[in-house]
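Order as written gives the chain letters A, B, C and D; numbering starts at 1 within each chain.
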């Protein structure tokens, strides 16, 4: 699946998107996998309450299932307007 | 003093302004005097709750004193905006 | 603060752009524009707006001053027309500039509520069947109740 | 309904005038404009706005559809820029047209509250001393609480 990062999440991880092969059931499981990868992922996902997630370009909860999802995006709370 | 009429008050009375010599103490007293003049005044001042008054171009109550006032205006509730 | 009571049309685009450009230190600009509705089924041919020349400017200035005192505003603009207007024409506009959007919105809403019921304008609608004064509504008067007196 | 997510500047005057002129059957038009504040004491040199291209248009359309469903509106316009903006530049605007002023005001306010916290934009401020991401505030999140769910 495609995993996208925006704003300071992108900066901490050091790339805007990547392909991830995963068996993770929920977003939270995926975060646990990513966090275990490298220090920069651990830093980006340190405080999950400071993050938001979108599944296939719709805002979602961290408990949401990943089945059938093609694009996951992680980012800080939005600051539009 | 100058007495001014606007909107349908002006139409009922048939003139936009006139000089009035009066000893009326309050606006309400002045209304009583005007109402007694002629049918068209009685018609205009029939329902005082449907009218508003300004003294020297400031909104006022019907109980307000007329001492020192140079310009009294009667009109229906405003419909600006 | 600019208040204009005028018979001539105004240019909403020009006024909005000039107002916003004049307040680069403010993050939020809100405008409201009132338009004579142009409804195909409406028999209205024109709207005539009467006002009280000696009082109008003063009354609007007081309303605008009150808005400046109540809200954290950078500036206020009010333009209000009188005379004969045809459907589709703009009757009036207000603009507010503030650092925070809630103040700009609330101030514009406050200005409109007070202009509606406390500025000396009277509208009448002219149609083939006659002329009718627009009646003030209870809703307009009730709208003022939202704006409780400021603490002293 | 028109939604535009664009890097290029927009012309507030032209957009406001065209939107209002296109809605002669509506009595009330409200616009909101967000501006990069230009404060003499502010060290900010530029604001950079990042967005999520695949999601932005869709998210804003959903917010606009929700506004159309909640309020009695004739139309909605949203323009939001991304990229590098300097102080004084306009970031975004919304416009709403309604028969009654309260709906036009509330809908514009609703749109702003949701665009602020639910449209995928992220701002950062660039100054001589560095680059800082603008943090979302509790107040922005709290603003959404006003808009209780609609009855089914």
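Side notes on the structure shown:
One rule holds for everything that comes next: contacts are C-beta pairs under 8 Å (C-beta built on N, C-alpha and C of every residue); 3 or more make two chains touch, one makes a residue touch a chain.
Here the structure is a predicted model, which means the values were calculated and not measured.
The fewest steps needed to get from chain A to chain C, moving only between touching chains, is 2. Chain A and chain D have centres, each the mean of its CA atoms, that are 26 Å apart.
For this pair, chain B with chain D, the centres built from the Cα atoms lie 48 Å apart.
Multi-chain contact residues of chain B (touching two or more other chains) are listed as 81. Multi-chain contact residues of chain D, defined as those touching 2 or more other chains: 34, 101, 112. Chain pairs that touch, as defined above: A-D, B-C, C-D. Within the complex, the chain A residues that touch chain D are 4, 6-8, 54, 57-59, 71, 73, 75-81.
Taken in their complex, chain D has these residues touching chain C: 11-18, 20, 23-39, 87-88, 90, 99, 101-102, 104-105, 108-109, 112, 143.
Within the complex formed with chain A, the residues of chain D that make contact are 34, 50, 52, 54-55, 58-59, 80, 91-92, 112, 115-124, 133-136, 140-141.
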